[in-house]
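Letters A, B, C, D, E and F mark the chains in the order given here, with residues in each chain numbered from 1 onward.
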């Protein structure tokens, strides 16, 4: 990838511009959930659990289809300074809502809800430590938890063993332009300096599920947009590989 | 634009795939606000007001910069069936939060907050009637209200007459893929059928402020993404022209 | 009416003391609702929609009677300075509650709920621009929306065509005493100066549905009360005429 | 009073139509508040306390005027069947808001806020047992608590001893039309049957502070309105006498 | 009791260290509830009502067992300075939650829920005046209200006449260490000075239901803990006697 | 300890009745907080962070004393079945409130707030996995986080190096009676079967900070209470040792 390869390791953590941080996925971290994964993108740590329950919300009953949804949250001291709890404030902030919805849509994009049957899976993504890229780590980790919850449900005969509930894998990564250079997988120090910030959600087959690009500083042109998309695909391809390895697939 | 011109008018409302709905902007619809516009994209009607107040929120005091923010909401019967009021529910939904934040970021992208000085402008975008594209109509109309509020503030000597507070104009449009065909400016009947749905916010100079693409059905590939971006630019170029005309600029 | 006729046009807008502001009712302003009206009392503009749904709330099921209720709200910049949204505050203020209840009671007073059958009509009255008298404009406009929703339900055979669901029409007006003079239909500049302020809701036949008089300054005596009631009836008689004309009845 | 005297004691509790229930005011029931009264209208019991604090809310600072406000609430089992607590529901209902505002306005009508100085008095009216007329009992009892709090503040030299803070007394009563007969001071069993229900707030001098009449069943005509007002004045005259006696004035 | 008898009446109100304040229980204070008691521990006054309803919450249906729960609250001016209402704040504070739960657990400890059958009893304990020990007075008074509600239900044949629904009585008292001396039944002035504060809930047979001891100042040792428990039993024995007398048992 | 030693290992996990589960404290688990510890009591895992900030809440300003407070929460899938988030419900439950307050009081009991100076420390205890004893693990882990935050503040010269801010250590454990046998440190399966459940908070010197005993089934007598307290002290003595080891003190 040209745009990235030309800028040799100038990043604070010594990475090249098209290099992911160390990614670790601890599968089955929780003993309570039907599926779970503690995912780390460098210092970012997100605990993802998948809760499987028979039945669907009232508005879906009798449709013969399942439901997958997600909730994202951050511990108050996941960040460098403490943020008040949303439970104490009595309401959920816009950012939390936005990310929860993004995670839910992303995971639903690889689910065949007919094959899932009238069952519900809730993905909880709780950020234990935040250092940039929490929403993309959450999506990537939630996929692993989801896959395990589905395997569990098959083992319990709650879903037919031969049903193809998951149509593909899904992973996500952030990219951004910093001092004019497109870079992959931004930690917090880079994220706050980025002129443009983009989160890209991609299936294992390399198709796009979500593209969310935002000019934090100056608007961006088509060339920059293309460079960012190229870079994102480098990252999601690698993440898909790690997911496969983790799941032993 | 190739991708669109080949598909002749097959849309329910007789438009070609790269054609906007009728756009009307009634500038100064409200007598109370410092700037206002009732914008219509076909049957979608959004009342945009800009409220100018001297001073900034506490966390910005003494920084010498201004603040622009936005709130989006829908009347309960803007839609085909009635939705309960968020004030009655006691909380704001995720969709409302998400759109309010998008409008705010979009308008801030063309504001020089130093030139604005320690003043605050709140943009209220209330959907009176909804038929698809409410968030893009809101951004496009809010720009007109914002421009008028800034002109008013200059006339009142609250901002220096020669300050360049607005660095550009900004407009937004939705695009989507329906039955494999990319289409511009989706009304509700098209929006619900779209496999991929994208909202694109573009400056008057043609640079991107936001690109938010979502696969509602199947994931989309790079070619489809490119076709959608092309189509969006056709729309925002036309909207920028209408904004200039409306403002007599 | 003596009390009013003696004080020739001394009002800021040139009206005589027993004269209404210009009243405009745009029937069917909304394409989404079963009935709707944009009503204007001078610069006051209220969008009234009537939403008809089959069925009644749980506590009324099986009683064979229908339900009519109302919700009133104001856009944040309907007024001269911006008011925070109740949805953002997370609760509805006392004034909003009070007016919503008043509108609901007023409309129910002309409804035969047995004839309505087990159906529900919700009246939404949203103030787009406020210049005094918003609650009385809301009641007057909501009646038109309600009448159209009932006509629609009859045309859809959801209500028997020959049922007398509406037993009368209903309209409302404000009156007040300003510098000792009783005046009809107060705009904001008069309302804030009124010693006594009264809202009167009257049927088409001239009977009272609600009388709400409040001493804002000095208490009022029986003679003043009588003069205000006389004046109110002048206004509601005229409004009933305009409602009939609008509905082509 | 003609309309009432003709209907000899036909009421369930043996009263004539223009007769109050037994009224008891226990002055100083609370040892904590600066002024307090437990008022009983028959079985209706309301504990009224007046809390005096130096200083005013922020928006009134430096104006040289005081502030009087009120809050009304009902214990969950004040009524025949239990009502959930508003604190548990997390929001205050419309009826509570409406009555709190009415009590506040009524008491403010007899206060000279300049003479009160920059001090605040909060009147809490908590219904311990409800049997109709709770809001009118609350206003009548709150006046006694208010008078005592002002006397206390004078004794503490927080208000000048010779200041005329209270310009008059104020009391309130309900009236209604039941089976065509106007009646004074309705207990619950009468209240639910009333075609028209009116709450009237009157000063010691006999002038009106509030008139709130509502047609619960059929609309009411001018003659009925007049009869109700006559009856209300019979009641408030008697209540003013009892207030004077209680306060030893 | 040694630890207390040695410290002769040194308390502000002249009591000995092991002496209760005057305790008064007015049974049947409320005419609305199935059982009620106004209980006074000195100047602390709590109105306790028991509301009996047939049926149980959804999660208990079909289990053949009843449900007893409690809600505690304080009037805003029960205390020396006014506290804002929890209904106005829109949420219930931690202290209120904690005490409501304690009362509920305490009363359930003497209920045979099988014998109660599928019925629900809600105990409302509203503090009308607070001078220390409100939670212990609430438990002690709520028992009387509960006993009467059960008697009422038997008289109405909602519970079998020979069912032993109450397995024992229950009462509670506070104890604390002040200047090194353990004392029984602390009024507010003592409570704020206590180094250690303990609330003890005891059955009529003298067994413990709850022991909640808290070091407000220095931690306490085993000897002090024992002295406090001894003292508490003196108090609850006396309260059990008063409860029996009140109920004429 | 006699009461426990007689009942040889009859517990599901093979422990003797006076034996703690495996306790692990991972000091400094979070890189963001000034002090942190991931504490495990068997399968119970609680992440404790201590956030140090200069300054105190408004109501403490100028008093020369610091403030320590705590917030407890549980991830939705910490438990065997998922619990809805309190942030989504919009309010904090009674249990959460109660435990947060308990943790705060416990930690404050070993803090000299004068020595802390006008600084605030917030302890966040988030249960990542729950298997009984979460509140006692939280207190025990929070002490370690607190000690490290104070050490950090001294190293940053925000507190004087020689100030004795911590007057002692503090730890907590649960005890209960199961089938008549007192047992130490109950996992979930034992906790739900316990007739009596007690949480005991003890300083490093062996004095009590809190004793909270609750009869879940039958009330308990003095002998049982004494046996439970003995057992608790065995546990807290061992926990104090582990805390000292962890902190290398």
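The definition used in the following text is that a residue touches a chain if its C-beta (ideal position, glycine included) is under 8 Å from a C-beta of that chain, and two chains touch if they have at least 3 such contacts.
All figures in this text were calculated on a predicted structure; none of them were measured in a lab.
Student: Return the chains common to the contact lists of subunit E and subunit F.
Tutor: A chain counts here if it touches both subunit E and subunit F, and no chain qualifies.
Student: Which one, B-C, A-B or A-F, has the same contacts as E-F for more than half of its contact pairs?
Tutor: A-B
Student: Can you work out the rotation angle that lays subunit A over subunit E using Cα coordinates, in steps of 5 degrees?
Tutor: Resulting rotation angle: about 120 degrees.
Student: Hey, how far is the Cα centre of subunit A from the one of subunit D, in Å?
Tutor: Spacing between the chain centres: roughly 60 Å.
Student: Indicate the whole-number Å distance between the mean C-alpha point of subunit D and the mean C-alpha point of subunit E.
Tutor: 34
Student: Find every residue in subunit F that makes contact with two or more other chains and list them.
Tutor: Residues 90-92.
Student: Classify the chain contact graph as line, ring, star, complete or other.
Tutor: Basically the chains close up into a ring.
Student: State the ordered list of ring chains, commencing at subunit A and continuing via subunit F.
Tutor: A, F, E, D, C, B
Student: List the residues on subunit A that touch subunit F in their complex, please.
Tutor: Subunit A reaches subunit F through residues 30-33, 36, 43, 47, 49, 51, 53, 71, 73, 75-82, 85-92, 96, 122, 124, 126, 128-130.
Student: Considering only the defined contacts, which subunit D positions touch subunit C in the complex?
Tutor: 91-95, 97-98, 100-101, 105, 109, 168, 198, 202-203, 205, 207-215, 218-222, 225, 229
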